[in-house]
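Structures incoming, each one as structure tokens.
Next come two complexes built around chain A: one with chain B, the other with chain C.
After this line comes the complex of A and B, so read on.
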């Protein structure tokens, strides 16, 4: 298979099993450049594993993955990140024994210190954490950790950012701030792929929705179409 | 004078006292300080890889022994001048650390710790069986001269170098990247940090110093054999001293190494029969009451700053900016509610 011309990210027939379970089972989809795309599906449908395959934390047994036409399979996670593709984790991975500012600085590309510092400060201000810049990661609340992680992934000028459940366990006000922030960064040209169960927010943010079920792409389309698709309802609720 | 100025002045003053010390101390006292310097140097070396990246090496004595044997063989057999042999020991230990680290640093957690233990035992066995070069269990008579003062000054110099290096690591983004490996290696990778390269760099740095210190030890003690310079207890002491002082900190190995030397010496002198038992009780007490080391206790009482210098640079910069104009902050109460 060859890399598609118009897609920023392209997953083609990816397969990954754990023991006897095929967590990702021939998954194929594209993410268009400049879009905000939602990746939804019931628990265990292979969403996070798909993220892990794309970012190099897991290696697919079969299939190809392309980012900007370049194959990703076989590359190490830091190489993939440096090629312009960032991600966050479902359970936040903020470094607890580092301050918020250190968490930001450690994620900066290895260039000018002052530029990185300015970026860190700007991002912390954007997510409203500037007051907590010297607090240790381990002392922050769950929601604050989410914000640090989302701000931190933007320390590099990524062309695409994948967010794994950014809204899970986050209160309404905070979730609204996150949506604003994602929209702001999207307007600056960042492409997003977002996993979440918060349907209202996903439908609002995303121009396109991908639905995974049992490790395969079940349906893709516009939010309003996907929402009422019988196959999607069946996957979620077990209806015929 | 700013904080940095105070620190530098204090450092220069301490080094000055240490330089003058052999002129006034008794022979026994010089040897005691020499061994303390040796412990501190070893603790700093271990701290570079294990303290900062969290890869606990239980076999660092391998590099010490390699350095000791390099000096033993080059000086006793080939008649090299000892300072050149000592430097060669450091270079050799660092060079061996490259392939060794390439293999071993793929192991994580307890597997790395045990793997390094096996490496140290392997080097000890190699020294025992490679009779043509090492004379095996017979050991090597390195020198019959009394070299305490030159070794003292060499160790002092090495400790100053390894402390300066650690200070840089502790206040650089390189050090922060090492810490991120300790915190969560996969997350560090995903943030774009080449963890393999960083770990390997730290590992090589942490091998070079024991190589040189081992060489100096051989020149000081005069006779080496596999059992004495590849002793497991030496690896364990490096772990112990650093944890006692505070792993992954600038001052931890200094405080840990110095207190270790003092405690060991006083116990040895007072309870010749029981000192190892008392040491065991001391280890249990450390683990129970100050698991993060003395530095963590000093920080809690505000005696040492928790903040790394470059983080302060970022914060100062942000303060300057907020002074110039209001930053677009959102309500803090919203954030705190999360």
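After this line comes the complex of A and C, so read on.
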């Protein structure tokens, strides 16, 4: 198999099992350059495992993954990050005894540390946390921590960022700030792949939706098409 | 004949009334109300993060609501510790059918009866449990880890029955079970209703739960959104669309 021409990220027939369960079972999809794409699916459908395969935390037993045409399988997580593909995790890891700005600077590229304070301030202003820049991480609310983490991943000039449940546990005000931030960074050229269960926000933010079910791509399409697809409804709602 | 106390005027076994609840700074439930009628199967459904499990934890005393109250047979049980709530008559089948795998089936059941101090009552409970699940009687000396997923769910339900509850709370009874075992578990719930038990369950398979339930509550982001007879909710397009943000 070879990488498709216009896809920034391409997952081709990825398989990953845990014990007897094939968590990702022949998953295939592309993410177009410049898009904001949603990756949704019921609990246990393989979304986070797919993220882990892409970012080198898990190695697929079968299949290929390409980013900008380069194969990712076999690369280490830090190599993948340095190649321009960043991600965040469901659980936030903000250092409690460092200030918000310091937390941001931890993620600065090692070859360009001098500009990192300016970059941190710029990103904090964009995400709406500039007033908290000297506050310690441990004094922030859960939602504010999440915003710091999502702002922080952009300290590197990633061409693509994958967010794992950015809206979980984030109140409505902060969620709107976050939507605004993602839209601004998207306008600056970042391609996004976003896992979340906050359907209203996902459908609003994303131009394209991928639906996983039982480790496979079930449906892909425009938000309004996916929302009305009977197969997607029954994957979420169950069957009698 | 001596006078007996008249039965309570209400047939509501559990009444969740306007509760707010959450974890630390994160509020999950907002003014949630949920009466549960005697002898009924009641299902709580809703998309991820709706607060379904948080309602169960609040009833069981694993979490204390910051507002509102929870009544059990008219008595305020808000903030009562879990072991006392179990002793009062609410049984609990946790998510993921957590049994003690290295203990025998019989020992697992005895663990469920830890609140029972009367040997005769204990034996009666055990008999009733074995009558409902003959497989548990046949294999009582085997370790629970040797049971299939469906049988472990039977054991988890049997264990909840050992404290002689009138109400059982089930958290995702079908989760991770093969389809044929899901049907068996749902048949069991039906049989338990026939015996007069009240069942309150959270279930990810909303369609199956609503098809069985006498009454359903649909939560969305921590708030009551819809309620009604299970079959009516099942037929309601708006309920389905909720799962996809429609």
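In the analysis below, the second predicted complex is superposed on the first by the 234 of 240 C-alpha atoms of A that agree within 3 Å, B and C clash if a C-alpha of one lies under 4 Å from a C-alpha of the other, contacts with A are read in each partner's own complex, and residues count from 1 in each chain.
By definition in this document, contacts are C-beta pairs under 8 Å (C-beta built on N, C-alpha and C of every residue); 3 or more make two chains touch, one makes a residue touch a chain.
For clarity, every value in this text was computed on a predicted model and none was experimentally measured.
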Inset, instruction - Identify whether chain B and chain C fit side by side or clash on chain A in the overlaid structures. - result: fit
Inset, instruction - Could you say whether A:220 touches chain B, chain C, both of them, or neither, answering first, second, both or neither? - result: neither
Inset, instruction - Once the structures are superposed on A, label A:233 by its partner contacts, choosing first (chain B), second (chain C), both or neither. - result: second
Inset, instruction - Would you check which partner chain A:198 touches, where first means chain B only, second means chain C only, and both and neither mean what they say? - result: second
Legend entry - Three-chain overlay, vertex chain A: chain B-chain C angle, C-alpha, nearest 10 degrees: 100
Inset, instruction - Report for A:164: first if it touches chain B alone, second if chain C alone, otherwise both or neither. - result: neither
Inset, instruction - Have a look at where A:77 lands relative to chain B and chain C in the superposition and call it first, second, both or neither. - result: first
Inset, instruction - Please work out whether A:58 is in contact with chain B alone, chain C alone, both, or neither, and reply first, second, both or neither. - result: neither
Inset, instruction - Answer with first, second, both or neither: which of chain B and chain C does A:25 touch in the superposed model? - result: neither
Inset, instruction - Once the structures are superposed on A, label A:142 by its partner contacts, choosing first (chain B), second (chain C), both or neither. - result: both
Inset, instruction - Decide which partner touches more residues of chain A, taking chain B and chain C as the two options. - result: B
Inset, instruction - Once the two complexes are aligned on their shared chain, state how close chain B comes to chain C by Cα atoms, in whole Å. - result: 8
Inset, instruction - Across the two complexes, find the residues of chain A that touch chain B and also touch chain C. - result: 141-142
Inset, instruction - Provide the residue numbers of chain C that touch chain A in the complex, in ascending order. - result: 24-26, 47-49, 204-209, 211, 234, 240-241, 243-246
Inset, instruction - Give every residue of chain A touching chain C within the complex, in rising order. - result: 42-43, 141-142, 168-169, 197-203, 226-228, 232-234, 236-240
Legend entry - chain B contact footprint on chain A (complex, rising order): 55-57, 76-78, 81-82, 86-87, 89, 93, 95-99, 101-102, 105-110, 113-114, 117-118, 120-121, 124-134, 141-144, 146-147, 152-153, 155-156, 170-171, 173-174, 177
Legend entry - Contact set on chain B toward chain A in their complex: 173, 176-177, 179-180, 182-184, 186-196, 307-308, 310-311, 313-315, 317-318, 321-322, 327-332, 334-338
